[in-house]
C-alpha cells in the first residue's frame, strides 16, 4: 500500500515538473514584460509554442547525423530525470536514492554535454561558437555548483537531497555565513546555467552574443520543442533545488498525511512563483555582459562557493 | 762509523735535492743538461755509499748505470738532439724562475715534514733518504709541469726517476732495485731516442710538446 | 597454483619475443603474435579475478633468478590480483585490437618482438615480491616501451619523445632505487617480507614517500614529471599507446600503492596534503593542456595525466584518513582510486584505439584534419562516443561512478581531526570539480571537432570503417564501460579484498543493497544507482520520442544547414580545434600557458588575408626541463675544455692531486 | 697439490710469452691472426684449468687466490674474444691499407706480450713483480696505440706514454714505501714484497707510512685505471688506436690496474689503524663519474665517447669498493666484470661500424638498425647495458650499489645517482642518433664476426637475470676478502 502511495507521489512529482515548467517560463516572461511596461504574452504562451513546434515538420541539415536527432530526447530525458529527483513538495520520494545531489549535477552535465555535441554536429560556425562558449561557462559553473554542494553536504553530512532538506528544516542549522555564501553562489550558477541575463539572453538572436541559442540554432520542429521543454525543466529544477535546500519550509515528508502533502504543494507553488518573479526582476535590472566578462562573474561564484566551504571549518573550529 | 755513514748518506741525498733546485733555476738547455749530469753523478755517489754501508754489492751496478748512462750517455744524446733538430737553446718557462723556486721550496717543506712525521718508526737513514727522495720526485714533477719544451720535460722526468732510485736504494735490502733501475733506463731510452721522437721528427721540425698538442685528439 | 599460472603466462609472453624476432616481417607474423599474446593475458585476467573472488589460494613463489642470494620472489595477493585484472584485461583486448591494427604497421619487426615482452614485464611487476625483481621488471617495462615508442623512428618527434621518455624513466628508476635503498637498509633486506617487517623513522618514511612520488609519479605522469607522457604515448603505434596510457600508468600506480600503503608502514598525517595537492593540480593542469592540444593522441595523453591526478588525489585522501585511523573513509577513498584505475584502463584504451582507427582510416592525427567521421565510420564513432561519455564522468557510465566515489570521500573530510586537512581537502575537491568540468569541455572538443561536423580534409572525406578485430576490441571496452557504470557495486565488491589487504577495512558489501545501489557509507548519506539512472533515461527518452512521434508530427525534411541564413560550404568555416579552445584558453590559458593571440591585419586596400595566430608556452617544460638541459649543457661545455689541455697541464693536474692528497695526509696526521 | 704436478699458472704465462715470440717472426696476417686467436684460446683454457686443479701454494712470485682468479679468467676470456674480433678487424685494415703486414706482425706479437704482462700482473705475488708487469703491459699498449702513425695516433700514444710513465713512477715510489714499511717487520729481502706475507703481518706495520704509500699507489695505479683527474691519456688512447686495443684497454688493462689498487686497499684494510682507504676511493670514484658523465655530452668521436664512459664506470667501481662492505664489494666486482664484457662488446661493434662508415665521427653514424640491423641492435644492446638498463648485469650491480649506499650515506648516493643520470642522458642521446633515424653514409653490409659481440652480450644478459650459485658464492667470498 505504502509502495503504491509512494509510487503515486513519485509519478505526480514527475508529471508535475513537466507540466509546471513551461508555466514558470511564461511567468518569468510575463513579469519581465510587465516590468518593462509591456503587456507581454499570456502565461500559457510557452505551452502554445511547444505545441506548435511539435506539430511542425523537422528541417534537418543535410549532413546532420543520427546523434543530432537523438540528442533532443536524451537531453530532455536527462533533465527530466534530474528534475524528478529534486524534492518539490515532498521529500523521501520512492526513487530519490537513485541519485544524490552530485549525480543530479552530473545528469545536468550530461544533458549539456550532448547538446554541445549536437551543436558541433552540423558543422556550422554558430553551432561551434555556442558549444564552445557553453562549455566554457560550464567549466566555471560546474565546479562552483559542486563546491556549493560540498558546503551544503558538509553541513548536512549528506548529499542525499531528502536528508539535506530534512536537516535544513531542522532548527539546529541556524544562520550560517557559509550557507549564505553558498546560496549566492548557487544563484549565480543557476543564472548562468539557465542562460539568463547577464550571462546569456534567452530572447536574443543577435549572433555574436548568443550562447545557448547559437548552439541549438539548427534545431527545428519537435526537436526544438524537446530542447525548449528541457530548458524550462532545468529552470524549474534550479528553483526547486534552491527552494528545497535553502528554504525547505512546508515541504512534506515521507510519512506525512495528505494534508501535509497539500501544504507542501502550496508552499512549493508559492516558492516557484517567488523564484520566477525574483528572476524576472533581477533580469530586468541588469544588463547583459560581454561573453568574456562571464568568467569573472562565474569566478565570483566559484570564489564564494570555495569561501563558503572553507569558512565552514573556520567558523566551526572557532 | 754509524754516524759517518748517516752523515754522508744525508749529505749526498741533500745534495741531490740541491741539484734539483739548481735544475729548476737553469734557463739554458745545455746548462740544464750539465746540471742533470751532475745530479746523476751525485746519485751515483749516493747509491754507491748505500751499497757500501748496506754491504749490498748489487747496488754498485745501479750506481754504475747511473754514472754511465745518466751522467754521460743521455746528456750526450740530448746534446746531439738539440743540435740536430736546432731547438731553441732556451728553456721556455711557463712561470717565472722565482715562482717555481718558491713552489719547489714549498714542495720540499711538505715532503720533509710529511716524511719525518710519518716515518718515525723507520730507521734513520731510510727516513732521511725517503724525505729527500720524495722532494726530488716532487721537484722533478714540478719541472715537467713548468717547462714547455720536450727536452726539459724529459730531464724533469729523469730527475723524478733519480729520486725513485734514491728511495729504492735507501730502502734496506730491497730486492729488484737493479732490475728497476735497468727498466727505468730502458724507459728513458725509449723516451729519448725511441720511436716517438723519431716519428715526431719525421713530421715536425720541433719536439716542442706544444706543437703536438695542437691536435688535441679531437679537433675543435 | 594461480600464481604458477600467472608466472607461466608472463614467461610465455616474454619468450614470445623470440619467435617474433625469428618471424621478422612475414605477412602472418603480426596476426599470429598478437593473437598468441591475447591468450595468456586473458588467462592472467581470469587468474586475477579468481584470486579476488577467493577461488584458489594466494601464494608466493621463489624463482632461482634475479638477485642471487635472494632469488626472485613473486607473490599473488589481492592487490596484485586486482592489477592483474587491469593488465590482463587491458592487454588482452589490446591484443585483439592489434590483430587488425597491426597489419597496417610498415615495419612490424620494430613492434612485434617488444610488444608481448612489454606485457610480460608488466605482469611481473605486479607479481614481484622483492625489490630487485620489482625494479628489474619495472625497468624492463620502461625499456621495451621505449623501443615501442621508437617503432616509427624516422620521425624526429618520435626520437625526441623516446629520448625524453627514457631519461625520465631512468630518473624515476633512480628515485625508486633510492626509495628501496631506504626501505631495505644498508644490509640489503630486499624481500618485501623483510621490508614490511622493518621499522623506519618518520623522516625516512617521508623521504620514501617523496621518492615514490617522484619514481612512480614520473612513470604515471604526475605533474611536473609528466612531460614525457604526451610526447611518448602518441608517438607509439596506437595499440601501444593504448597499453601505455591504459595499462602501464596503472602499473606505475601499483608500484606507488604497493610501497606506500603496504611496505612503508604508518605515515604522518602531514605527508598526505602533498599527495592530494599534487594530484589535484595535476588533474587541472593535465586537462587544460588537453584542452589546448590539437593532436588527438596528444590530447588523449594529456587527459591521461588528468586521470592520474584524480587517482593520486584519491590515494592522498586515503593516506590522510589512514593516518588518522579512519579506516572506513580511507577504504572509500582507496576504493575510489582503484575503481578509477580500472575505469581509466577501459575508457582510455578505448579512446586510443579509436584514435588509432581514425589514424588508420585517414592517416591524420590533427583534429583540424578530421571531422564528419560519424557518418563514415559509424561504429567506431559510436564506440568512441561511449568512451568519451565515460571519461567525461557522465552518468550512467563508469567514469562517473568512480568520480562520484572520490567526491564522496572528499565529503568525509570533516571527520579528520586536523583543521588543515579539513580546509585543504574540500579545496582540492574544488580543483577536482574544475578538472571534471574541463574534461567534459575537452572531450566535446575532441569529439565535436574530430568526429562531428563536416570533413575538414580529403582524407577524412574518404575515411572507411576499420576492420572487425579493431571494432570488436573497442566494443568489448565500451561494454566494460557501460557495465561497470551500471553495476558499480559488483566491481567494488570484487575489488574489496584488495582494499581490505591494504587498509584492513573495506566498503560495505554492495551486492546486498536493493536494486544494486551504490551505498558507500549509509543510505541516508549518499546513494547512487547507475542502473536505475540508465533505465530512467532510456525509458523517458524513448517514451518521449514515442509519444512525440505518435501524437505529434513525424515529418522530416532534409535541407541545407541554416547557419543564420549564411551557410558557407567551406569546411574551414566550422569551429576548429583552436577556435573551440579559445574561450577556455582566454580564461585559464593566459595564466597557465601564457597564451596570447595575435592578429595581423593587412592595411586597408591590401587584399592579402588577415592572420590570427595563437602563442602558447609550456611553462613547465620551459622553466624546469629546458633549464636543466641548458645547465647540463653549460657545465658540459665548460668541462669540455679539459679535453683540450696540453700534456703539461695534464701533468699539473697529476701534481696538483698528488700535492693535495699529501697535504690532506699531513693535516690528518 | 695435484698429483700430476701440473700447474696451469705457468701455462697462463708461458703461452702468451711463447706465442709473442713466435708471432714476432711468423709472416702472413691470416696465419698470425689465427695463431693469435688460438694462443688466446689456449690461455683461456689454461686459466679455466685453474679451477679444475688444486691451487698451487703461493710462492715468492706467483699466487692464485680467489681474488685474482676472477680477474684472470675475465682477462683471458676477453683476451680471446678480442683476438677473435681482431682477426676480422685486422683483415679489413689490411684491405684498406691502413696497416701493412709488417705492422700486423708487430701488432700480434705485442698483443700476446700485453696479455703476458697483464696475466703476470694478475698472478704475481710480489708487489715489485706486479709493478714490472703492469709497466710491460702499458708499454706494449703504448706501441699499439701509436700503430697507425697518424698525427693523432702519435699524439695519443705520446700522451699515454708520458702520463703513464709518471703514473708508473708514482706507483713505484708507493711500492718502495710499502717495502720500507714492511721491512722492519718481515726483514730485508723478498719477503717484504710478497703479498701473502704482507697480508698476514699487515697489522704490525707502521700505519702512517702505509698511508703515504697508499696515496702514491692510488695515484700511480689510478692513472692506469683512468680516474679523474689522471685520466687524460685514456680517451685519446682509446680513440686513436686500433679498436681491438680499445676493447682490451677498456675491458682489461683498466681492470688490471684496478686489481693492483684493490690489493693495496686490502692491505690497508687489514691494518686497523691505517687511514681508511674508502674515502679517498669514494672521492676519486665520484669525481671520475661526474666528470666523465659531463664529458660525454660534447664528444664527437664515437670511440672517445665510450672511452669516457669507461672512465665513468671505473669511477663507479672504485666508488663501490671504496664504500666497502659485502654488498658494495660484491656489486663492485660484478660491475667490473659486467663493464669489461659490455664495454669490449661495444668496442667490437663500434669497430665494425667505423670500418663500414669509414669514420669515427658521431654525426656521420646514423640509422644503424635500418642499414645494419644485426650490428645496430648489437650496439644498442651494449649501450643500453652500459647505461644501466635491465635486464643486463650492469643494472643489477648499479641497483646494489645505489640502494646499499643510500641507506648508509644519503649524500654520496645522491651524487652517485646524479652522475649516473647525467651519463645516462648523454649515452641515450647518442644511442638514439646512432641506431635510429634515416641511415647515412656507406650502406654496404658488414663483413663481421658477430660472435664475440653477441657472446658477450649474452653473458651480460644472463648475469643480469640469473647468476649461478657457485659463482655467487665465490664472488661473495671475494667480497668478504676485500673487507
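Letters A, B, C and D mark the chains in the order given here, with residues in each chain numbered from 1 onward.
Definition applied: a contact is a pair of C-beta atoms (placed from the backbone, for glycine too) under 8 Å apart; a residue touches a chain by one contact, two chains touch by 3 or more.
No experiment lies behind these values; they were computed from the predicted model shown.
S.K.: Chain with the smallest distance from its CA centroid to the overall CA centroid?
M.R.: C
S.K.: Ranked by contacting C-beta pairs, which pair of chains comes out on top?
M.R.: A-C
S.K.: In terms of CA centroid distance, which chain is the most far removed from subunit A?
M.R.: Result for the farthest chain: B.
S.K.: Provide the C-alpha centroid distance between subunit A and subunit B, rounded to the nearest whole angstrom.
M.R.: 98
S.K.: In whole angstrom, how far does the Cα centroid of subunit C sit from the Cα centroid of subunit D?
M.R.: Between these chains, centre-to-centre, one finds 44 Å.
S.K.: Distance between subunit B and subunit C based on Cα centroids, please, to the nearest Å.
M.R.: Using C-alpha averages as centres, the distance is 69 Å.
S.K.: How far is the middle of subunit A from the middle of subunit C, if each middle is the mean of its Cα atoms, in Å?
M.R.: The separation of the two C-alpha centroids amounts to 35 Å.
S.K.: Would you mind listing the residues of subunit B that make contact with two or more other chains?
M.R.: Only 114, 117-118, 141, 144, 153, 209, 212-213, 216-218 qualify.
S.K.: Which residues belonging to subunit A are in contact with no fewer than two other chains?
M.R.: Counting only residues that touch two or more other chains, subunit A contributes none.
S.K.: Any chance you could list the residues of subunit C touching two or more other chains?
M.R.: In subunit C, residues 643, 645, 647, 651, 654, 658, 662, 665, 669 touch at least two other chains, as defined above.
S.K.: Would you mind giving me the full set of chain pairs in touch?
M.R.: Pairs of chains that touch one another: A-C, B-C, B-D, C-D.
S.K.: In their complex, what parts of subunit A are in touch with subunit C?
M.R.: Touch list, subunit A to subunit C: 54-67, 73-74, 76-78, 80-81, 84, 95, 97-100, 102-103, 106-107, 109-110, 112-113, 116-117, 119-129, 131-133, 135-136, 138-143, 146-147, 150, 153-154, 157-160, 163, 205, 207, 217-218, 220-222, 225-226, 291-292, 295, 302, 305-306, 309-310, 312-314, 317.
S.K.: Can you tell me which positions in subunit C touch subunit B when the two form their complex?
M.R.: Contacts found on subunit C: 643-648, 651-652, 654-655, 658-659, 662-663, 665-666, 669.
S.K.: Write out the stretch or stretches of subunit C touching subunit D in their complex.
M.R.: Residues in contact with subunit D: 64-69, 131-132, 135-137, 139-140, 143, 150, 153-154, 156, 159, 162-163, 166-167, 170-171, 174, 177-178, 180-182, 184-188, 190, 632-633, 635-637, 639-640, 642-643, 645, 647, 650-651, 653-654, 656-658, 661-662, 665, 668-669.
S.K.: In the complex, go through subunit D and note every residue touching subunit B.
M.R.: These residues of subunit D touch subunit B: 128-129, 131-132, 135, 139, 143, 146, 149, 151-152, 154-158, 161-162, 165-166, 168-170, 172-173, 176-177, 179-181, 183-184, 187-190, 192-193, 206, 208-209, 211-212, 235-236, 239-240, 299-301, 304.
S.K.: Name, in rising order, each residue of subunit C that touches subunit A in their complex.
M.R.: On the subunit C side, the touching residues are 371-372, 374-375, 385, 389, 392-395, 400, 403-404, 407-408, 410-411, 413-414, 419, 422-423, 426-427, 429-430, 433-434, 436-438, 440-441, 444-445, 447-449, 452-454, 517, 523-529, 532-533, 536-538, 540-542, 544-545, 548, 551-553, 555-564, 567-568, 571, 573-576, 579-584, 586-587.
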